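Data block below; observations after.
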Amino acid sequence: MMENNIKYILNAVVTGLTTVEEAFEQLKILPYENIGFACLDHHRKVRTGQSEVVFCQGKETEHIITIIQHLSVHNSNVLATRLDSQKAEHILMHFPGAQYDPIARSLILHPLSEPILKGQILIITAGTADLPVAQEAWLTARYLGHESEILLDVGVSGIHRLLNNHHLLEKAEVIIVVAGMEGALASVVGGLVEQPVIAVPTSVGYGAHFQGLAPLLSMLNSCASGVGIVNIDNGYGAASLASAIVRRLPANR
Amino acid sequence: MMENNIKYILNAVVTGLTTVEEAFEQLKILPYENIGFACLDHHRKVRTGQSEVVFCQGKETEHIITIIQHLSVHNSNVLATRLDSQKAEHILMHFPGAQYDPIARSLILHPLSEPILKGQILIITAGTADLPVAQEAWLTARYLGHESEILLDVGVSGIHRLLNNHHLLEKAEVIIVVAGMEGALASVVGGLVEQPVIAVPTSVGYGAHFQGLAPLLSMLNSCASGVGIVNIDNGYGAASLASAIVRRLPANR
Amino acid sequence: MMENNIKYILNAVVTGLTTVEEAFEQLKILPYENIGFACLDHHRKVRTGQSEVVFCQGKETEHIITIIQHLSVHNSNVLATRLDSQKAEHILMHFPGAQYDPIARSLILHPLSEPILKGQILIITAGTADLPVAQEAWLTARYLGHESEILLDVGVSGIHRLLNNHHLLEKAEVIIVVAGMEGALASVVGGLVEQPVIAVPTSVGYGAHFQGLAPLLSMLNSCASGVGIVNIDNGYGAASLASAIVRRLPANR
Amino acid sequence: MMENNIKYILNAVVTGLTTVEEAFEQLKILPYENIGFACLDHHRKVRTGQSEVVFCQGKETEHIITIIQHLSVHNSNVLATRLDSQKAEHILMHFPGAQYDPIARSLILHPLSEPILKGQILIITAGTADLPVAQEAWLTARYLGHESEILLDVGVSGIHRLLNNHHLLEKAEVIIVVAGMEGALASVVGGLVEQPVIAVPTSVGYGAHFQGLAPLLSMLNSCASGVGIVNIDNGYGAASLASAIVRRLPANR
Amino acid sequence: MMENNIKYILNAVVTGLTTVEEAFEQLKILPYENIGFACLDHHRKVRTGQSEVVFCQGKETEHIITIIQHLSVHNSNVLATRLDSQKAEHILMHFPGAQYDPIARSLILHPLSEPILKGQILIITAGTADLPVAQEAWLTARYLGHESEILLDVGVSGIHRLLNNHHLLEKAEVIIVVAGMEGALASVVGGLVEQPVIAVPTSVGYGAHFQGLAPLLSMLNSCASGVGIVNIDNGYGAASLASAIVRRLPANR
Amino acid sequence: MMENNIKYILNAVVTGLTTVEEAFEQLKILPYENIGFACLDHHRKVRTGQSEVVFCQGKETEHIITIIQHLSVHNSNVLATRLDSQKAEHILMHFPGAQYDPIARSLILHPLSEPILKGQILIITAGTADLPVAQEAWLTARYLGHESEILLDVGVSGIHRLLNNHHLLEKAEVIIVVAGMEGALASVVGGLVEQPVIAVPTSVGYGAHFQGLAPLLSMLNSCASGVGIVNIDNGYGAASLASAIVRRLPANR
Amino acid sequence: MMENNIKYILNAVVTGLTTVEEAFEQLKILPYENIGFACLDHHRKVRTGQSEVVFCQGKETEHIITIIQHLSVHNSNVLATRLDSQKAEHILMHFPGAQYDPIARSLILHPLSEPILKGQILIITAGTADLPVAQEAWLTARYLGHESEILLDVGVSGIHRLLNNHHLLEKAEVIIVVAGMEGALASVVGGLVEQPVIAVPTSVGYGAHFQGLAPLLSMLNSCASGVGIVNIDNGYGAASLASAIVRRLPANR
Amino acid sequence: MMENNIKYILNAVVTGLTTVEEAFEQLKILPYENIGFACLDHHRKVRTGQSEVVFCQGKETEHIITIIQHLSVHNSNVLATRLDSQKAEHILMHFPGAQYDPIARSLILHPLSEPILKGQILIITAGTADLPVAQEAWLTARYLGHESEILLDVGVSGIHRLLNNHHLLEKAEVIIVVAGMEGALASVVGGLVEQPVIAVPTSVGYGAHFQGLAPLLSMLNSCASGVGIVNIDNGYGAASLASAIVRRLPANR
């Protein structure tokens, strides 16, 4: 599509609709907006299928507010992740219709609408303590227009809990496995299903867990095939990848 | 489908076709074959969509030969990966029609047939030295019935080499990015396309590369969305995940 | 025992006491209870000899309370570990008879009853600062029905303190060694006794201790034999393993 | 028992059977033999229940031969582990009746005799490539007088292979789980059985496996209880701990 | 120049202007001032071109004040870095003309004067959250007399944002790239420009980012040439190196 | 000396002054005192030349008070290290004559007396921020009866500050080098002097410093000879080793 | 300059010299040549000031030969690094005039010509064993047209060796410090000079050196300013950065 | 002493015996000899008490020979360490009187003479496999003029072997503890003796030993006081430190 953009502008030059200088300016300003402390990538949705999401960690509250304002001009909804409750409180005062999910630590500018894309994204967790990461994944999936469901606390220390939910696994299009501790659930699920599995290690654990290193390495070395891994606690990233997969279905193109 | 198996056997018991003891024996022996030093999982293809592949590293040559023989009874073709040339030579003497690919360090029992599944798996490498991993991915993809192509040496130190191959990116269904050094190619590709991206860090590098740790961490922390990571040098794993994604397309179900 | 369950249900089907559909439902719902945010594994005691323990870290206080309520229906007592004093305060208001041990950071729903199993579990610490981990192990052992005793501060910088308590070592059935710093106590004890030794590295130390990594590696490389290691600070895990060992004694079966 | 030794010698002094100087000499020379480059601990069997085993890695061949000779005087059999085939060849020339197991990379001075201790040690591996470690464990268990059996290749990518061997798990007294890759098998087994489980991570894997670090961390963080871990590839250590547990059974005391 | 100092003093001795003892005393006291808890290196500017900067982390507030006072005697301005706002408040009360930059977490004793050195130092960040490090670099560059500018939020997930600012890159003398996450921006810039590039990994990220380790390794393994790396979050160090480079220009000597 | 103790008791048995049972009791209780939560090693001074020091980190305030009380019975003074100011406040109320040093984070029960041992222990720091560790070393050295002096802020970025204090280096008996950042000072000092050098890495630094790992590795790999390393921030340990060295001087024996 | 290229082509379109399709083709093929297994970046010299260098590690000999052939068409000389002697032997047979430097493990297609750029690049090593890395840096610097000199074995264990070569330091334009062990030399040099310092950690060392990690961390934490670090053993990278700095001098532009 | 040198030369200038230029030349050439690929530090013995030792790892054989030749002019004997047997063979042909110790992997130019310094250096190892490191330490100690003895294989798995050699410990002036595995011996010895203890971790071990990391961390965290650590396998460094300590004894000054 970048090619198409370039060709379109080149054609406009040839036909005299655009001067060279104008064309060059268009090539430069097309895809983003510089608001001083950030370059908003409005073109991203066209390019990657997903509009820019606001990663709030390490950003000033005032900056986040301005970014949301600018993004809201070009998008029907805005998602802000990694947002602590204190900052959220300030931001909500600027956007009365917005909603903050304290478990997912995320904010959406407008309420979620009904899923518009076909194909369910199923999110499974090994334990109850993995819920925040699963919730961030669920919110992201729903924000991106997908059906999504969470199945909590079916870790391998009681493997029958998973086996008995096999029907849920079967009807999903993609499965996200969220697990801390030793992360073994990803391998067990990967060995049971034919769908792509996205594994998210969480920082739930202690001692030789090293804040998520244990399940991360475990998942990377999974003996099952068809498993892709994302960063520790990265529920957003898992849902983004799941979305990229489900959007390939013809019904969604 | 495990449920279906269980229900089928339960029904056979009810209708008197099978005794309880027989049913129990069936439940136990159904899905695999114990050949002494290995339990071949013939059921895996039904369950996960991919038949068992022989991971040869650390296995005795005689064991590999026997495993291939048993797998060949239930499968139309067999793939053996992580096979060094010395062992391969011995194995080829037992299977005259087999082919060994020294770059991919893999063996297939019968020549590759034409792709039977729709949707291309594109494999991109950052450098020429990443070829062995890319080749393992390509061979696996083709073995699993997919169209696949490799685009070599388009790393970010000359970003235009990638930009100018944008048409290749567009026509693929899934993109596998194979990169050593700092692994930045995964982020750049992830920021350009809407397809799912599978990133494979390679052990190509030295010093603070730590045998692939550098690109692994780099890819896990990618600022682009829609990227799933597999283990260092795991071309096979990347292709398996790509295959699981492409097989979801209705044309392939 | 899972076999027995399956056979029992199969037989009920054959004799007409149960329909196939009912049998299938039984197979699925038998061992756990889904309470929304958790799948309580009531079957665990039958399967592993130990009922489910509530790991509180990362769980919401309300969730913990509900889990304890549900578990208390099926169990004579409930143990909750990794529980900080703030959450404990709230929980105690719901369960007036419960007791919170601030050193072990654990809560039991009902007071400990007398040991009902034969065979002492001796817990040894290298220093006084290892007490919290030892206390968690002691409480778990006692909760599981075992006799247990703690011997504090007999680290190797004064090796005679250990040697002179040799009689305590001799009368135990299993010995748990809890040690921070360099963790050398596990090797010294392992070289002195014939009982199984369970080594628990603690995070007591600083600098190149790396929160328990030093004694963990030390214990894993112990030159003494008969030593099994559990995670850093995992007093609960050590007592669980000790319990599994002592329960094998015929007097306890 | 050290107390008993000291008391015995003290009593001999009191009754005049021994002088003070003689007593002191006895206290010093009792338990070991200095052969120049090694101090053989002949007393170890009395103290820990297991006689000294020769760890051959890093030792000169001549030293190993001399150590075996000295140990053979005080023991009915001798076990030498971590012995490569080249050194083994030289050693076998000195001990015609000895046997070398090239898979376990271990040597025994005399053929194994029948098990004399009650209670089976079951060894399970996740894959065929884990065999060498399992074999070292098996040989050690048998050398120490135990019944032992190996169940190979029942990893979690095909979880039914394990479930269908549940009867083997039930009849064992202790279960050793040997697993490379992500090591998830230990958690799954730990969640299924009531016996103590000893987990041995192996160096089978590549990339982010880091020579066994991945399954080591995975096992240390197991969500199942009743699991003790030993060093990477340490089949000998696992069998030693299993032996210490089984020897506690009254039938074996 | 140290040679020159020594020769000058030796000559003074020869010509009788200085005694040997006096010369020796001069050699010793020349370059620093001992104020009890610190040895201020007033000679540093002569030697390295940059006067001593106060690194405040871990220093007592009173000590910082005294150090600034002593340095202000020999220097026209003083820069203090890694200074938190609480300490800054106290310090500002002692130096009414001083200014504290809360984003750069740095203080300057007197307002910045106009740049006196030729050649711009351009600072680029991958994201908005990298601003504090970029700001520290900018303040240091300006304090050292250089022209400097910041270009924010042009990371590789939207590579066109960088490409379209190519003119800014071209007019700089040195380029500092500040990036967290996977740090890929350094490689992309390094592949585009002919100027020296100084890469600063930041601690912006989470999970497998390990507080900046991911971009640090990424930058050290950059496939682009002409890139030098400084410590994580070390904006000051990057600007110092940039300054050393720009000061080599003849216009600045 | 342990031999002497044993021989003395054996002789007492022979001569009838002591019964066997009494002798055995003496052997057991001789060197320590069990106060419930700690085994105080009163014998340590005889054995190692240094009485037990109270390491306060992780200990309850009440426990520390009781330990100090018991130790004060057998020792002329007591040193407590790693004591935060909050705990110290409580403890000072029990011991009116005690003194707390907030920089060294240590407490002494009685004021320091004049040095009674010959030979100075010189403590050098690379920067002012290394002062707390140096102060802990100084207090320990003085508590143990040594002359000691601190030379602050002579790090290698201004190497002349060190060279010009060469006379201080020459008159010391042992030199302790305390350095954070890259820890290069230890190598430079080690290359200049003939005395033993004890290197203490500190956690002063950031980013790739990893809380002291950088100078720790640096010091362990020092190209200079005659350098021994202690744990990160371990001022106490450095002074203990220095003390053990200086006490070997005949004047001190 | 990329802008200039685009503008030039746009202008050609406007003036009718080029059709849109032709322009688009030009934009794509301009800067590189695809030779099947590699995309040679002939445009790199224009863009970054340095032509592409062949990194030989992990590449097939035949591929290296072809790459050199193609690069030699567009460049007056070719440099190939990380080339072992065995591969070099084969390659030399194809290029009779080429020269292989076994210490630098590098090959140049034609003999070095006289330096054409002003400003010396001085390379200093801490020890003799650092020579290979220094030699790679020297060869690269000379290949890129610079004056360069090596000063060997002036590490900090004998700091006077460095001080006495101060005149060499003064006359250089950039200083590359190559050091293994603890890498302290970089800090000492950085504290003495005003030129930019490029630090190269080497893998010379053992034990806790971890193949270069120790000096890498040491250099990243240097207390001296004006120091940029490159990857372990990366002599080529150091010289590239040095070259980028020296090329900024007006005499070289 | 550097001061004295400077003063002496200054005085010579004053008295007219030396010109300024000559003095400067003297100051520069005094302490070392540049032989092209190395700067031999002949002054080191005066400065640090130990002459330069040849570290052979990574050096060319021809370079080692030349270095030995030059050092032999200024020293009565020369020690070369980390020398493999292949290089040693070539070197021995040039120095007929030299001796190579294959276990210590070290060479001495002339046979060892009788100890000339008072005070024994005792070297203790935990196992027989630690012998090479112990031997390197012993040879270095003897080369430096000290009495030295090795006590092998007294590790903590049989703690009585150490206790019964207590008399050997008592008569030593310094004790070097060489231990692999978990390195616990250092703590046990440190808790028993009053002499300074130098701990050398060795790379003897496997799995989670990580080539010596386990005992290194263990020793750094030793709960015993009076222990200094050197690099993994650094027998030479341990002996150098021991020598620096023993040389402080008045009898040796």
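Residue numbering begins at 1 within each chain, and the chains themselves are lettered A, B, C, D, E, F, G and H in the order written.
Here is the rule we go by: contacts are C-beta pairs under 8 Å (C-beta built on N, C-alpha and C of every residue); 3 or more make two chains touch, one makes a residue touch a chain.
Model, not experiment: these values are computed from the prediction.
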item: Target chain G, source chain C, minimum contact steps; value: 2
item: Option in A-D, D-H or E-G whose residue-number contact pairs overlap B-D by over half; value: D-H
item: Shared interface numbering between chain D and chain A [over half = same, under half = different]; value: same
item: Cα-centroid distance, chain B relative to chain G, in whole angstrom; value: 38
item: CA centroid of chain F to CA centroid of chain H, Å; value: 25
item: Centre-to-centre distance between chain H and chain B (centres being mean Cα positions), rounded to whole Å; value: 53
item: Interface hub residues of chain H, defined as touching at least two other chains; value: 2-3, 27, 44, 127, 157-158, 190-192, 207-209, 213, 216, 220-221, 224-225, 231-232
item: Contacting residues of chain G [partner chain E, same complex]; value: 1-3, 44, 47-50, 53, 163, 166-167, 170, 173-174, 190-198, 216, 220-221, 224-232, 236-237, 240-241, 243-245, 247-250
item: Interfacial residue positions of chain B with respect to chain D in the complex; value: 2, 27-32, 36-39, 41, 43-44, 55, 57-59, 63, 67, 82, 201, 203, 211-213, 216, 231-234
item: Footprint of chain D on chain A - complex, ascending; value: 126-127, 155-159, 181-184, 187-188, 190-192, 205, 207-210, 213-215, 217-225
item: Touching residues (chain side chain D, partner chain B) in the complex; value: 127-129, 131, 152-154, 157-158, 160-161, 164, 204, 206-209
